[in-house]
Structures are given as structure tokens and as C-alpha cells.
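Chain naming follows the written order as A, B and C, and within any one chain the residues start at number 1.
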Amino acid sequence: MNTSVTLKNLYFSFPIYDQSAKRVLFENTSAVFQHGMVHAVYGRPEAGKTTLGRIMAGLVPAFTGGTISGSVLLGKEDVLKTKGYDLLEHIGMVFQDPDEQILMPFVEDEIVFPLESLGMNRPKIHERLEEELAFWDLEELRSVNPGNLSGGEKKRVLLAVLCAINPSVWVLDETFEELDEQWRETLIQRAVASGKTIIILASKHIELFDIYVATWSVITENQIFQGSKDHVLQLLGDNWEYKKLHPSMPYISHSVYNTMELPVLSVRNLSYTYPEGNSDFTLFVDKLDLYSGKITAFYGPNGSGKSTLSKLLCGLLTPNHGEIFFPGNGEKKKHAAAGALQKTTGYLFQNPDYQIFLPSVKEELMYSLVQAGIDKDDAYRQAITCGELFGLKNPEEIPSIMSYGARKRLQAAVCYLLDRSCYIFDEADSGILLSEYIRIIDLFVKREASLILITHDLRLAEKLADTIIVFQDGRAQEGFL
Amino acid sequence: MKQRSRLGSGIAVSPAYRIVSISILTAVTAVFTLLIRIPIAPTRGYINLGDVAIYFTAFTFGPVTAVITAGLGTAIADLLSGYAQWAPISLFIHGLQGFFAGLIVRRSLLIMQERLEKNETETPSIPSTPSPNRYRLSFPVILLAGLVGLIIMTGFYFLAGAALVGFGAAAVEIPGNIIQCVVGTIGGFLLTKTVIKAYPPVRDMFL
Amino acid sequence: MIESSYHPGKTFVHTFDPRAKLFLLIVYTTAMFLPFQIEILAVYAAVMIILAFPAAGIRDAFSPLKVLLPLIILIIILTPPFFREGEVLITYNTWIILTDSGLIRTCVLLSRFIGITYVFFVFFRATPLNQVVLTLRWYGLPIKAALIISMTFRFIPNVTSTYHRVSDAHKLRGSFQSGMWGWSRLKGLVPVLTSVLIQTVKSIPVMSMSLEHRGFGRTIRRTSYQRLRGGRKLFTHLTFSIIIALMLIAPIFLVR
């Protein structure tokens, strides 16, 4: 059966609520993804890759609302006229965030569930289940709660589900991102061998699947452009490439800080063990000094202690031994109170939504100022100025339904107004343009704040930071182990 | 049935959406019940914010969702916190509480809508813009919903307690239950207001 | 969190068929409300406490008593004053503190309460939750309801971690102060709870997509892979449990 995917004159815009601006994602765009080939679809963050995948799977606008027109053909069937559940054996998608897709409290049930929907008999389900558990090396995790798995393991569970269903079209939304080298290779081999129509959605170029890719596309300015690899990567954007980052960007000057000054925050002989649970993990930090205007990168794998140290620095946790103190205040080696640390260190969580609770950008920005006793008019003026600085032009907009990038900028702006002397950026580069990320960092450096960038990305750390602290199994050391 | 079609948008009536919203709000109710406790009422050991979640659900998602999330959420919380013997009782009592609170709000929304529609047909001067913003809670409705919930909860818990631990011990928990329910109504109402303001799509989720 | 109520083991309490266990749980709970002599109720309660040892292990077996201690004390203090007839056992000046009917009533309530607490404790310590759900399915729970229970257990850890992260975020922006009490504590929690609710409510449409994407809603009848084993084991265990049930109820005929 021919299962190429054909888009004809597709239009899609998100629903509008109260003060929110109209966001058009696709306008009169057409594209063809031929049957049985590998297609790479690129796009900057928020270009609409995920929404495109979900439209193909018949899930948007059914569950999001919004306006759609044109047609999306799967073979000869128009998915805009079909329910998502009826497309189960035709199209399967692996979502970017596994937490948004896993439904069952056990790995095994997750794989079994869609097969039950297909009405498969027990021996057949058993056969497929065992096959995929073995292929994706999940046999030992079969009765584990997926919530307790690592990012890469969750992705493998979802891939096992996809392979067990074995639909005609596979949509892989940033699936290669969290997998390590070996599993990336396994996935692309399996996908190519399956002979299905493979659509890879990505925001970064990964050379790995170059040789298999039949068509190259990029989503830009509400259109899907299909063309040669070079042209597509050029449209994806210059500033996305690391090699071109350094000279051309309005870049952070590394001479802001001065080691003759006293550090803002110092750590000495620190150790911390979590009270319950994973008791075999202990964090040790001999010495760490944070200077104002200096950028420090925390680099290391998941679970190596980066976020534990960050929480200690914010006063969200209290160390078992050793101290975190403010040398600038003339204090000597006495651990600072949690309250004082909470007022010194700002934290930009990876998820910008944790602190959003007010109905407008303006109110979110004014909140902490008013709390600090600044009068309303003055706070309003400060909020507007700060909003403009971070590219938030409409102060009446409702934060919770703004775009992800705008929410990230709002989060940064809220932290900026808190005027802390030290800030922690937790994977803040995920989901936004690199140029935007760098602009935000620059704003904080100009305020002479001490910055900590938590990252998995060594190349990024090398480009941006003055010092790199490497984490390995709870040990934190400057430079490399 | 004719009435139902006027509340809740297209998304809210799809089966997958119903099941998922019930599951997520049940989890929320369970977590609110487990997480924040002020030890007062001896029979159940604590005052919790479970009722806040129950009233929030009843006010925003309506009786059909609330009857399950309230009952199941508190029952699961009992189970996980070592009060398993209360689970069947909670399932029943909190389920009723959520259901009636939601039902009262639902009635008032329908009446309000009828009135609005009547006004529109009487004064067809302005070409009516489709306004989804018909979700409004009035104070007397909240009061009534809170009161009915309060009577159901304290009444039935007293009866169940009397059978299990005797009238004396069951009477001791009445004040605690009253405080918990009052806090729940006020908290649920406050949160409904703040959440709807900060995240308007919630308005369309009432069934 | 999901595992917190189950204690893994291979004892007879664990391996006994969950359908038979659930049946016995209901019969036992009912029996504790029947007008038995106090001695019988006390024996029933004691048996359940003994069963807690294989079900939960020695260290954990008394944990329900610890949790329930304040309530047990309340029963002991508050029950006797309601019973003034019968032989007076303890007086203080002219005040009757304890009569024999009051004593018996107190003991009945204590045995009933402890027995019922323990039967639930034993059941959930010795039966994994997925088996509980399958058991309820076997007794006729609709598939949608079973699905809701499973998905709730999937979401509870997520909502919990959202709550913790949100309160951390609010602490650091000064919109949440911990450690207060009463009304101000509740007011201080409003920003945090608002964020938590927005986050979770926002995830509903996305998770609904996922559920529909897994084929939920198709007209074709779902098959079910996970099943409790039937056959001879089920038959013997059910028969056995019916015999136990009859024995539990039997004393009612002896008394009358």
C-alpha cells in the first residue's frame, strides 16, 4: 500500500484567548513525503515541527483547538477527516517529551496497551512484547514504573512501543536527542530496514543519518521548504552552527570579572547525602568560588550532582558538612542561612512554567517588586522597561498560553528583576534559539551577576564559560578529570 | 441531553479527553490529600487540602468528573498513607461531596446561560459575537455548594465513624472535618478564580 | 509511591489468589460488624495481627498500631461514659467511670477497629496493585475504570514532583513562604497551588492526544493481555476461601 504523506495548501493557527495574539503556524504550504523513504524535516525551536507531526497523526486540532484548512493525505486518506485512534496502524509518533506520552505505570503495559487496542490475541501480543523488550534491552525494566527511568530509557520504551505497533509511517520528534551514540545507530538502522515511511523532525543537524535521507525539508516562515541538503541547512540558520557562533555574535566579554575582588559566594569542603532513597550518592566539593561577572559551567552526565550542588547554592538543601558563605560580607567560613542563600541566588529552572501563576506579563514582572515594597507606579515602569529588554512587547499578554520561547524570556525577566548576585541557568538553552540564549546571558553578565550554566553540551560550555566544573559521580572539579 | 450540548466544547467530550482528565485530576486530589497535612482530627489524623482539589474540580470540570476524582483520589490517598480501611468510605463520601458540589454549579451555569440566550433573542441589535466567556461563579452558589458538601462529609463520616469506633470518638473528628471542608470550599474557590484568570482555556472544560 | 503499600514476598498470604483474598476481605469486614461475643471478635482481630507478620515482615507488622494509637486511646476514654447500666466496676467519688457493659462495648469497638485496619493492611501489603486492579476487573469493574486507576498511579509521581519543583521555584522568587500556619499558610500556598494546577491542567490535552494515539476509542473490542491465572489453583483457593468465610460467619449460629 502506498503511504506517502502529502500536504496540500495547509493552514493552521492556534486558538485565541482574551489577550493572546493570533499565532499562525502554517500558511498555504504543500509538501510530499514519499512512501518507504527517510525524510529529514528541520526547523528552529517553535517553527512547528511537533505540531506538524501531530497534525499528520490526526491529533491536532482535535485536542488543541485552532483553525485548520487544506488537506493532509496519508496515502489516499485525508487525516483531517479521520479520528486519531483509527490511524493507529497507519502512523506512529514518538513525542519529544516522553513524560507527555507514557500512560501506564509499568513498562510492559505501555507496550501492550496499543496492541490490545488493535484487538490482537494474547500469543501475538506476547511474541511482539518479548521481541521488542529484547531488541531495546528493556527486559530487566519490564515491571518498572517508567517515571523512574532516565531520559534515554524512556525514549527506548517509546521506540519499543512504536516498533511493536509497526505502523506504516514513523514520525520521530527529536528522538535522537536523548539517545546515546549506540542507540542512535540502532534506531536509524532499524528504521531504514523497516521499509516504512520515516519522518525525522529535528532542530539540530545530526550527521548520523545523512546517507539514508531521501528528502530534506525545513520549516521556516510558515512554510515547508523542500530542497537540497545545503540549501535546507542554510535556511535553518547560520547562528545555529557552533563554528560560526564565536566571532559573529554580539558576544560576552570575558574580562568583566576581577579575581582581585572577593568572590560573591564561596564553597569549602562541602558534602551532601540525600536523607532517603539513593543513599549511595554523595556530593563532594572541595572548593568553589563564584565571582561577579564570571560565567561558570557545570558539566557532567545526569545524576552526577550538578543539580544537587545548585540546590545547595540556592539554600533549597542544607549541606551535611562544609559551608557555603559570602566572603564579600567579611563573613568567615560559617554556613549561610537558607533564607540568606535563597535571597542571593536566582534559579532559572529548565521548565519555565513552574513559577507562572498570574494572569498577565505585567503582573508577573511587578509581583516581586511590589513584594519588595516598591510603589505600584514605579514597579510598573520598571516592569515595562524590563519586559522590553527581554522582548516581551505586550504587557497584557497571558503568560501561560504564550509561546515556549516567550515563556522562557518571561522567566528570565522575572529572575532579572529579583536582582540576585548569583544566577543558575539549568539547561536554559533547551527549546530556544541559541542567539536568544546568548542575548539573555549577556543581559545578566552586564549586571555583573555571577552566572552558573548547567549543561550537557561541552562545546557550548567551552564557548561560553570562563571556568568549567566537571561533575563525575558526585565529585566536582575544575577542568577535566 | 439538550442541555449538555451547551456546556463543554468539542474537546471536552472526546472519550480520551474524559478519561485522561479524570485520571490527572484524581492524581491531583490524591497528592493534595497526601502532601499538606495539619494534624488535628484524630480519626483521620490530619486536615488536608484534598477538599481544595475536590472543590476546584467540581467548580471547573463539573459533577461527572468530580464524582470520580473526589472519591478515587481520596481513597488512593488513604491507601498510600496507611489508612486503607477508610478507603471505601472515602470513595463513597467524597464522591458524593464532589458530585453534589459540581451539580449545583452546573445548574447555576445552565440557568445563567438560558438567561443570556433569552436576552440575546430579545435584543438582537448587535450581531452576537460568539463569546465562550459564560463561565461565572456567583457567591451564593459557592456557599450552597460548600454547605451541601459540608453536610454530606461531616454527616456521613460521623455515621461511618460511629459504626467503626463509637459515637464518642467519632464526635471528636467533627470540628476537624468542618474546618477541612470550609478550607476546601474557600481554597477551591480561590484557586478556581486564579487558575481561570491565568489559564483561560479552563473555562471550556466544564461538562 | 506506587510500591509503598506493597511488601514483596513469597509467603502463603502473598501467593493466595487475589480474588479469593478480596472475597475474604469483604466477608471478614462484614463479620466484624455482626453481633458476636467479644471473645470471638478479639480472636478474629488477633488472627489478623498474626497474619501481618508474613504479609509485612516483623518490623512493619505493628506500624498500623502506631499510626492509630491516638484513636485507640480516644476510644478507650470516650466510649465508657456512654454506658451507665450494668455492674459498676470503677467509681471515683460518686462518679461512675466504668461499667461492665461499657467495658465490653469498648473492647468490641477496639477489636473491630483493629481487625478491620489489619485486614486491609494485610491485603494491600501482600497484593501488588496491578493484581488488585486485575482482581477488580475480574469482579466486573469496567475497563475504563481500570484504565483510570492505572493512569492515576502513573500520574501521581509526576504531580508530586511538579509540586516540589513549583514550590522551590516560588521560594526562590519570594512568592511562597514555608513554615507558617493556619490561614496565612493557606494564603501563602495559593501561588504555588495555582502554578501546580495550571501545569497539570495544561497537560490534559497532550496526554489525551497520547491516549488517542494509542488507539483508545476504536470501535473494535479491546483484548486484554494481562490476566490473572485461572484453572485448578483458582478453584481450590476459592473453595478454600468459601470454607473460611463460612467459618467466620458460623459463630452467629452458635450464639443464638
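Basically, contacts are C-beta pairs under 8 Å (C-beta built on N, C-alpha and C of every residue); 3 or more make two chains touch, one makes a residue touch a chain.
Predicted model only: the values in this text are computed from it and were never measured.
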- Could you classify the connectivity of these chains, where an edge means two chains touch, as line, ring, star, complete or other? complete
- Consider the two chain pairs A-C and A-B; indicate the one with the greater count of contacting C-beta pairs. A-C
- Whole-Å separation of chain centres (CA-atom averages), chain B against chain C: 23
- Message: Using mean CA coordinates as chain centres, what's the gap between chain A and chain B in Å?
- Response: 34
- Distance from the CA centroid of chain A to that of chain C, rounded to the nearest Å? 40
- Item | Two or more partner chains touched - positions in chain A | 62-64, 84-85, 356-357, 400
- chain C, residues touching no fewer than two other chains: 151, 153-154, 158, 194, 198, 202-203, 205, 207-209, 211-212, 216-217
- Touching two or more other chains, which residues of chain B qualify? 11, 14, 16-17, 194, 198-199
- Message: Please output the residues of chain A touching chain C within their complex, sorted ascending.
- Response: 54, 57, 59-60, 62-64, 83-86, 88, 92-93, 95, 99-106, 109, 112-122, 125-126, 129, 145-148, 161, 311, 314, 316, 342-343, 345-347, 349, 351, 353-357, 367-368, 371-372, 400, 414-415, 418
- Query: Which part of chain B faces chain C closely enough to touch in the complex?
  - Reply: 11, 14-17, 19-28, 30-32, 35-36, 38, 42-43, 45, 49, 52, 56, 60, 68, 72-73, 76, 79-80, 82-85, 87, 163-169, 171-172, 183, 187, 190-191, 194-195, 198-199, 202, 205
- Query: Which of the residues in chain A come into contact with chain B in the complex?
  - Reply: 15, 17-18, 62-65, 84-85, 356-359, 398-401
- Message: Taking the touch rule as given, give the residues of chain C at its contact with chain A in the complex, in rising order.
- Response: 2-3, 130, 150-151, 153-154, 157-158, 162, 165-166, 168-175, 191-192, 194-195, 198-199, 202-203, 205-218, 220-227
- In the complex of these two chains, what residues of chain B are touching chain A? 9-11, 14, 16-17, 194, 197-201
